[in-house]
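What follows is chain A paired twice: with chain B in the first complex and chain C in the second.
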Partner chain A sequence: MAAAFWTRFRDGRGIWPAVPAFVFLTIFFIIPMAVLLSFGFTEIERGRIQDSGFTLRYLTGTLQDDLFWWVWWKSFYIGILSTLLCFLLAYPLAYLYSESGRTMRLLILVLTISPLLTSAIVRTYAWLVLLGGRRGVVNSTLIELGVISRPIRMLNTDFAVIVGMTQVHLPFMVLPLITVLAARDRNMEAASLGMGASRLATFFKIVLPLSTPGIVAGLTIVFALSYTNFIIPQLLGGGGFTTLAVQVYEQIVVVLNWSKGAMLALLLLGSCFVFILLIGLAGNRVMRWSQKEAA
Partner chain B sequence: MSITRRSFTKTALAAGAVLAAPSIVRASDRELVIISYGGALQEPHRWLGDKLQNEISGLTVRLVPSESQDIVAQIKAAQGFSPYDAMPNGEPPHLIAIRDGYIQELDRSRLENAGNVVPEFWDKTQGYGVPATFSLIGLAYNEEMVETPPTSWADMWNEEYADMVGICRTSSNLGLGTLAITAKIFGGSETDLEPAWQKLKELNPLAGRSPRILAQMMERGEIAIAPLWNNDAAVAAEKGLPIKFVKPDPGPVAILSVMSEITGARDSELVYRWMDGIISTEYQELAANAPYYFGVTVQGVDVPEAARPYTPSTPEEVASLQTVNWAEIVKVRPELVDRFDREFAT
Partner chain C sequence: MIEANGVNKHFGSNHVLRDCTISVDTGEVVTLLGASGCGKTTLLRCIAGFETPDSGSLVLANQDVTRLPPNRRDVGFVFQNYALFPHMTVAENVAYGLKARKTAKETIRAEVDKVLDLVSLTEFARRYPKSLSGGQQQRVALARSLVLHPKVLLMDEAFNALDAKLRGAMQIELRKIVKHVGITAVCVTHDQAEALTISDRIAVMAEGRIQQFAAPDQIYDKPASAFVADFVGAANILPRKSAERFKTAHKSLNGSGALVIRPENFALSPSSQGGGVKGEVVFARLTGPAMEYEIALADGTILRALVDRDRQEPLAVGSTVEITIRNPDACVPLPGTA
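Let's turn to the complex of A and B:
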């Protein structure tokens, strides 16, 4: 028994290759996160945990607060809209990649990955230049072309936040879709076309179901990034724009109410997990349904 | 030449020692870490830092440009092991810092320049830190967008500026000052801010997340007029932007900035040297000049001609300065931050 255990350990089989990452994540992510979230169930005064013990005050107070639900809805709506926009823009691009030759593939890949070489903050600042006020590139161009006479307010609106998030998160949707679409089994499409199905029917009945794992991965990543994003709403939404992530920052850093901030962080994290789970479950259902259809 | 295991080890150790040497040397030196302002407003601090570095052998003065609120969260989390030594605070966060115990009481006898300070400013420090400079909250406007410049606080509600007014969130001193002065001019007070909320809501304002962002919104022409710090307006005007500053009737709001030693600072002697420098005539003359135009807190420093649009330069202007009972505001600060979202969240 001991010899078998030692052999497995020495050969790096079983769970052993994952141990360094597991230890690292436990020490530097799971424990600090658990400590932070536990603050939501304690009273903290002037940076110190009080002896008053466990409390549900922050949970009930937050759940009964209209502002919380309003902010939650705002975070969800911004997250879901930018995720859907990313999907609608990314899928045709990924499909084009899967159908293209080497040069075009390289070009698409470079265009997709190159924004990731600069910081998301820098890219978000670029939107300030493009959308910002009278001096913004968009407004000044439209005025010069005579399309509008007065500048349109684009910055500090939902529009600016959604556009910024879509642009910043687009590569995270494109890359999983490219991976799945480029590796799909072409024989099934050929069989479908050979049996008289139209290109459109083949796309919806064969290609789209086959790309479900990429869609689920892309939706999951982009939704999680958008729903919990802090920087883009801060920079492009203006001082009146608030999301759950912004509220967490406000409570912990500005108001110094760590307990409320921790509770909001817990609710943000928990609801994000629930949505990701729902996206995964929906993806599984779609895959099972398409397999059944194919059979 | 052949490389043996021994020669390789020796070379590696020597290379490691050479690479590590600067940090070992640095660790044995003295370091002062000061929270500072961002951008051009940091320059007076940089000047003082350089001066101290020249005077004290082996000293490194590191300035950390940051919003004080971000730093406060770090100091609180550090539980007495703050990575920073001194910080400037406006009056509201200064009172919070005293209450929460993360700044040290001042021993004035350790300061050579203590006698320079205008005595009234010492009262405002409540025995913690030195009165560094003061700034004004007035009205700034974009002269390309505004035909009739404002002259009073009430002008913000003029029809001409409808939907072009910006205000700062109440998480900042600027936002709190705006709320307090609005309450005062519309029949309220620091303990009755309701009139201010009603009047500010009437403006349908565009909110800025911080004073700096509000100034940038005006630079980009997203707003035409806003309550703003005199220093931010001066720096923008100095860059050639069409931003003007007025001291509105009945008077601009004056807020003192206090430089304090953070509890648990590593080298108290150095912090006192720094604070002494802050209230020196040389430093104050520099801070009062272009493009910073900080209000001076020591006697014998004249207001430069160029600073007159931004700072009070006559006894009448000094008398008109509006002060706020910050102790009352600080008591309800969390509620005011929360209320801002309830009133203005979009």
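Let's turn to the complex of A and C:
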């Protein structure tokens, strides 16, 4: 028994290979996270736990607050819209990549990855310049061209936030899609075309469904990033603009109400997990053919 | 039904097909046989329309299709790995082409049932390809093509993914189904036994050229070149000088060039009486119903001989034998070679 245990340990079988990462994550992520979230169930004032008693006051208070639900809805729809926009932009790009020669592939890959080398905050500031008031690049161009006579309000709108998020998160959608599309079996398409299906039908019935793993990965990552991003909404949404993630930031850093902030963070995290789970389940449903059936 | 005339194809500087000309009659099963990389798949893909020849023409059912795309050629193509759609059930896979043609629902149901019955897969209709064995997947691929009643069925190494035992059975099965349907078929393989099993005629290919195009018995009995003789079945290819040694026993061994003698055409006698060629058994192997020997002649030439066990008791390695030819007329001279 002990010998078998030792052999497994030495040969790196079973769960052992995962142990170092698990220990690291437990110490530096799971425990601090648990401590932070536990603040949502205690009374804290001026950074000090007031009485160590357990309270559900913040949970019930938040869930009964109409403002919370309104903010939640805003986070949700901003997250969903920018994720979908990312998908619609990324899929054709990834498809183009999979159909291209070596030079074009390299170009697409470099253009996709290089934005990740600059800070997301810097890129968000760039949108301030582009979308900003009368002098903004977009407005001044449209006015010069005579398309509009007075500047349109673009900054400090949902539109600005969604555009900003889409741009910042696009690489995370493109990369998993590139992976599945470039590795796909071209004979499937040849077979479909050979049986008389059109190119369009072949795309929607063969290529698209078979890229489900990449789609699920991309949607999951980008939704999680968009739903929890608190910088872009603050910079591009303007003062009055708020999402759940922004609320967490404000409660903890500005208002210093750690209990409320922790509770909001818990709800943000929990709901994010639920959506990711739903995306995953939907993906599994589409992918049910990949499970082995009982013979 | 199919005519390929002087088809040439290059991939970059790689001249893959060189003046390939074959003509396939209606209802005939033809196999392109050759070593890996000789251009079989490329020729098949040209016929299917997945590749366009650089020069030469392709005629299907009296229509020049050289420039037509695959979907307008009325051919069925069975891919090397079958290319079944993994996210569709067997029935959906088979119905795919009919749906693309906007066939009526009831017709699709009836046709799919009929063809699944033909390939004995009725009970697997609702399963996904992943849960089927290799042989079953192959029959799905076949059914998926046959259901569209194409003029021509094209199959690329259709048995490669199957294990050896199943392969033989599936080849016979395929030949029966194809003959039952009466469809014209072109298959590709590197396995000579498979070619002999399934074909009415075989086109032996090497380096992008068709070496010989004839019925299986012709290919085996009258190989046109040393390559064909060696590739299809086992062969002893004796240079003319060695062949002359058999002349004392067999006056009728005429003709010029090297001589092809099949291993089963040798008779080995342990005693020395009949003016045959002397040799020593250097290797013996049981192949089942027959013994296979390697026999070294005095000049070092090694001959392979195959002797039915009910004709002769096995000979021991090291024993001296006298070799004669059983049927001198079955030896094939290859004029123009040494």
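Note that in this section the second predicted complex is superposed on the first by the 287 of 295 C-alpha atoms of A that agree within 3 Å, B and C clash if a C-alpha of one lies under 4 Å from a C-alpha of the other, contacts with A are read in each partner's own complex, and residues count from 1 in each chain.
Following the convention adopted for this analysis, a contact is a pair of C-beta atoms (placed from the backbone, for glycine too) under 8 Å apart; a residue touches a chain by one contact, two chains touch by 3 or more.
The structure displayed is predicted, hence computed values, not measured ones.
When both complexes are overlaid on chain A, the residue A:196 reaches chain C alone and has no touch with chain B.
Legend: residue contacts after superposition of the two complexes on their common chain; A:153 is shown touching chain B, with no touch to chain C. For chain A, the partner with contacts to more residues, out of chain B and chain C, is B. Residue contacts after overlaying the shared chain place A:240 against chain B, while chain C stays out of touching range.
Legend: residue contacts after superposition of the two complexes on their common chain; A:209 is shown touching chain C, with no touch to chain B.
When both complexes are overlaid on chain A, the residue A:135 reaches chain B alone and has no touch with chain C. Judged by the touch definition given at the top, the superposed model places A:104 against neither chain B nor chain C. Listing the residues of chain A that touch chain B in their complex gives 46-48, 67, 70-71, 74, 128, 132-136, 151, 153, 155-158, 234, 237-242, 247, 250, 252-257. On chain B, the positions that touch chain A within their shared complex are 69-70, 72-73, 76-77, 79, 99-101, 145, 168-169, 171, 206-210, 213-214, 217, 219-222, 333-334, 337-338, 341-342, 344-346. On the side of chain A, the complex with chain C involves touching residues 185, 187-188, 190-198, 201, 205-206, 209-210, 286-287, 289-290, 292-293, 295.
Chain C contributes residues 48-50, 69-71, 75-77, 79-81, 83, 85-88, 96-97, 100-101, 127-131, 144, 148 to its touches with chain A in the complex.
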